[in-house]
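This report refers to the structure that appears directly beneath it.
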Amino acid sequence: MKAVPLPTGAPVESTGRRQEHAFAWALVWVLGIGCAFIAPALLLFLLGKGASFLLADERATLTSLRWSPTEASYGLVPLVVGTLSVALGGLLLALPLGIGTAIALHFYLRGRLREWFEATLGVLGGIPSVVFGLFGTFWLVPRIGASLLSGVCVLAAMLIPTLALLALAAFRQLPTGLVADGLRLGLSREQVILRLVLRSARPALFGAAVLALSRGLGEALAVEMVCGNVPGLPTRLTAPIRTLTTTLVQEFEYAQPLHNRALHLVALAIVLLAALTSAAALRLRERKAA
Amino acid sequence: MKKLLLAAIPVLALGYFLIPKSNAQTRYLLTGSSTIAPILQKVAEDLQAEDSSLRIDVETGGSGRGIQDAQSKQCDVGMASRELTAEEAKGILVRPIAFDGVSMIVHESNPVTNLTKQQVIDIYKGTITDWKDVGGTPGEIYLVNKAEGRATLTVFLEHFKIKAGDIQPDAVVGDNAQGVRLVTGNPAAIAYVSIGEAISAQHRGEDLHLVGLDGVSATEQTVADGTYPLRRNLNLLFPGEIDPLGQRILDHLATPRGSAILTELGFTPLVAQ
Amino acid sequence: MKFAVFSSAAFVFVLFALMLLDILVRGGAELTPQYFTGAVSDGGRSGGIGPVVVSTLLVVLMATAFALPLAVAGALLCTELLVHRPASRQLVRRSFEILVSAPSVAVGLIGWSLFGQVFGFGFSLFSGAATLAFMLAPLMALAFLNGLEAVPQALRSQSLALGLTRWDTLVYLVLPAARPALVAGVMLAVGRALAETAVLVLTSGVTTRMPEDIFDPGATLAVHVYNLAHNVPGGESRAYAAAFALVVVNIGVQLLLTRWKPRLANQEATS
């Protein structure tokens, strides 16, 4: 943009004709505030409806171990346990594969090949979750049953691309001389990676893991298609489970008023869990490498 | 400029959809049981074909919703696939339109074709866990239950005098169709669904068969003559006096065409044709 | 080490390759032009996906249309109106970020509760689009924000020095300069809308009838895949066909995005 010399004596900012566009600016204000207030408004809605459940006698059942609205028991515990087990399980399965892939791409591949694989990972990460649910339904479930394990596998598949990409980003942020210095000191490539790189990137990798976790916590349909949907504490990997999210999908349509309000609390729980984990993830990723 | 025009065409075409074709005043609304909905869907299509000024909308939401909406007059007709309690029936005219049974279904390859009432109770309570104990090929029984809030669940629990908490299923399904789905995909599975749905599935060639109860096989015939024990009425609920269009619907269901709709969907007409 | 990481990478890529190949093989055969325009029959087990295509187009277009003015205004709020209030700006930005990473099924419940029940629209394309717009607006706003902030301040100050009003500066100089980011933001939203399933299952339903107007229920492509895979007995082959169409569209949109803005393509979460 070519620099234009200031005309002498001209005002730096013109205010005269602002009145003409007052309506336009007012519109921007209103719509802009509206946009900014979507998040808090939705949250308030959930709180409002959920809180009205707390006025009912059944609120005592929230901490019980049974989720069974027909018997007036609204225990959130099995649902939370289900959510956490699927998400953590999926994360644990995805971590070695995701980080391993990132290491392979960053430290052992160069140039065009690496770019191509990275781009592919990006695309894979954007595949809609129903597709993963599709595979789970027709490939996994007939073989290992509708259970926690199936949910874990499907979720892991979904999380791997994201994890790998985030890990790659973390590796890129490492001080440039790190690998070279390590090699120069006499460490083998392996040792450099294990001892130096993973150590330095630990906060960022941790942050990536927690971010992936928050995605896993919020996943609904893919899990619902494969996990059996029985609310209860899972006693083994092959037991069917129900998560907070799958409960919403299964029960929202036919819920009677009280049940309906309890479902809003379930939604609130999901939002809180996801928010806590992504806030933690943000905090971790912003921390500089040690 | 040309690009803008090109983009405008599909947008305008889709603008057609922005025009509401009906509003709350002119449309006739039925809500409730998802078992009954397909029946009324077809009736609506027939009536709308005869009289194009009609607009009949059928929405699901469960028998509970049907009862509630009829009570609060939020719909014109409610649909409920179970009996109403005295409390629920206050101020509502209940008109049964068909019989439907609830039957156990198993995979086509499962040799079991009949279960006694006690056996069903034992299976669902978890006392019997292997198919060999009821005459099937040895193998663990994969138990499928219905989700909370479904009328079919209520009907099942009431008939067998089981409490929801007694059942520890291997999977929970929502719609009847999902139940059919699980059974056709798993030779060890057992589920219970609306007989209408099960028979429709059989017509389509799905790999399942219905299990008889206490020696009575589950067919349209046994449901019709009352010998099959697990039978329920499919009810239309009117929030007050029956209006002309409501009466038309009831009349249509009583015609041979109406019976055909019912039997096609696997239900049993009330009126023998 | 080398062996370990390469085998994990190989495992990952082979897994995905097999998945995509599977969809191609099982679903590709069904994709004829009739498939895309034909009516749905037998609950989706046969026939085409014409109504689904229409529903998808309607929902995506409406949601984007609803969200766009909100998003532009939201971004402008930050860059133009709150220029001197960094704390407020940060708050607004946070609000957008929170919503972008919010679990979509929860937003779906709110949509069902608000539009479906309280406002009485029930399952409808309108409810779906409005709820989806809640999610798309902050997404686009963030993308627009990044684009607008990248426009050099010199552009603004020199234009004002020449005597142009702030509004004209905005409309005729700043926005055009940020155009790549704006387009990318819209594409991002469209991509997200096409992939979104949970929200729509709870608001616009799984019906495959041709919608007569926007207050009718209707399944979008992603929802149709879910329905066929999960609810419809015998729907397996059809589910794969629809999934193939979905994946092709999805990958197409993503590729378009990477051409426009390489950085934005890696961020979105879909569920």
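Here the chain labels run A, B and C in written order, and each chain numbers its own residues starting at 1.
Convention: contacts are C-beta pairs under 8 Å (C-beta built on N, C-alpha and C of every residue); 3 or more make two chains touch, one makes a residue touch a chain.
Computed from a predicted model, the values in this text were never measured in an experiment.
Asks: A-C or A-B: which has the larger count of contacting C-beta pairs?
Replies: A-C
Asks: Counting only C-alpha atoms to place each centre, which chain is farthest from chain C?
Replies: Most remote chain from chain C, centroid-wise, comes out as B.
Asks: Cα centroid separation between chain A and chain B, in whole Å?
Replies: Taking the average C-alpha coordinate of chain A and of chain B, the gap between them is 37 Å.
Asks: Calculate how many whole Å lie between the centre of chain A and the centre of chain C, each centre taken as the average of the chain's C-alpha atoms.
Replies: 16
Asks: For chain C, write out the residues touching at least two other chains, lowest number first.
Replies: 230
Asks: Identify all positions of chain B at which a residue touches two or more other chains, and write them in rising order.
Replies: Where chain B meets two or more other chains at a single residue, that happens at 174.
Asks: In chain A, which residues are in touch with two or more of the other chains?
Replies: none
Asks: List the residues on chain B that touch chain C in their complex, please.
Replies: 10-11, 14, 17-22, 24, 59, 174-175, 177-178, 180-181, 184, 201, 204, 206
Asks: Once bound in the complex, which stretches of chain B touch chain A?
Replies: Residues 60-62, 64-65, 68, 145, 147-150, 153-154, 163-165, 168-174, 185-186.
Asks: Using the touch rule from the top, collect the residues of chain C that touch chain B in their complex.
Replies: 42, 45, 54, 57-58, 61, 120, 122-123, 125, 211-215, 230-234
Asks: State the interface residues of chain A toward chain B in the complex, per the touch definition above.
Replies: Residue positions touching the partner: 66, 68-71, 141-142, 145-146, 228-232, 240, 242, 250-251, 253-256, 259.
Asks: What part of chain A is in contact with chain C in the complex they form?
Replies: Touch list, chain A to chain C: 1, 3-4, 6-7, 10-14, 17-18, 20-21, 24-25, 27-40, 42, 45-46, 49, 96-98, 100-101, 103-105, 107-108, 117, 119-120, 122-131, 133-135, 137-139, 157, 160, 162, 164-165, 189-190, 193-194, 214-215, 217-222, 224-225, 245, 248-249, 252, 260, 263-264, 267-268, 270-271, 274-275, 278.
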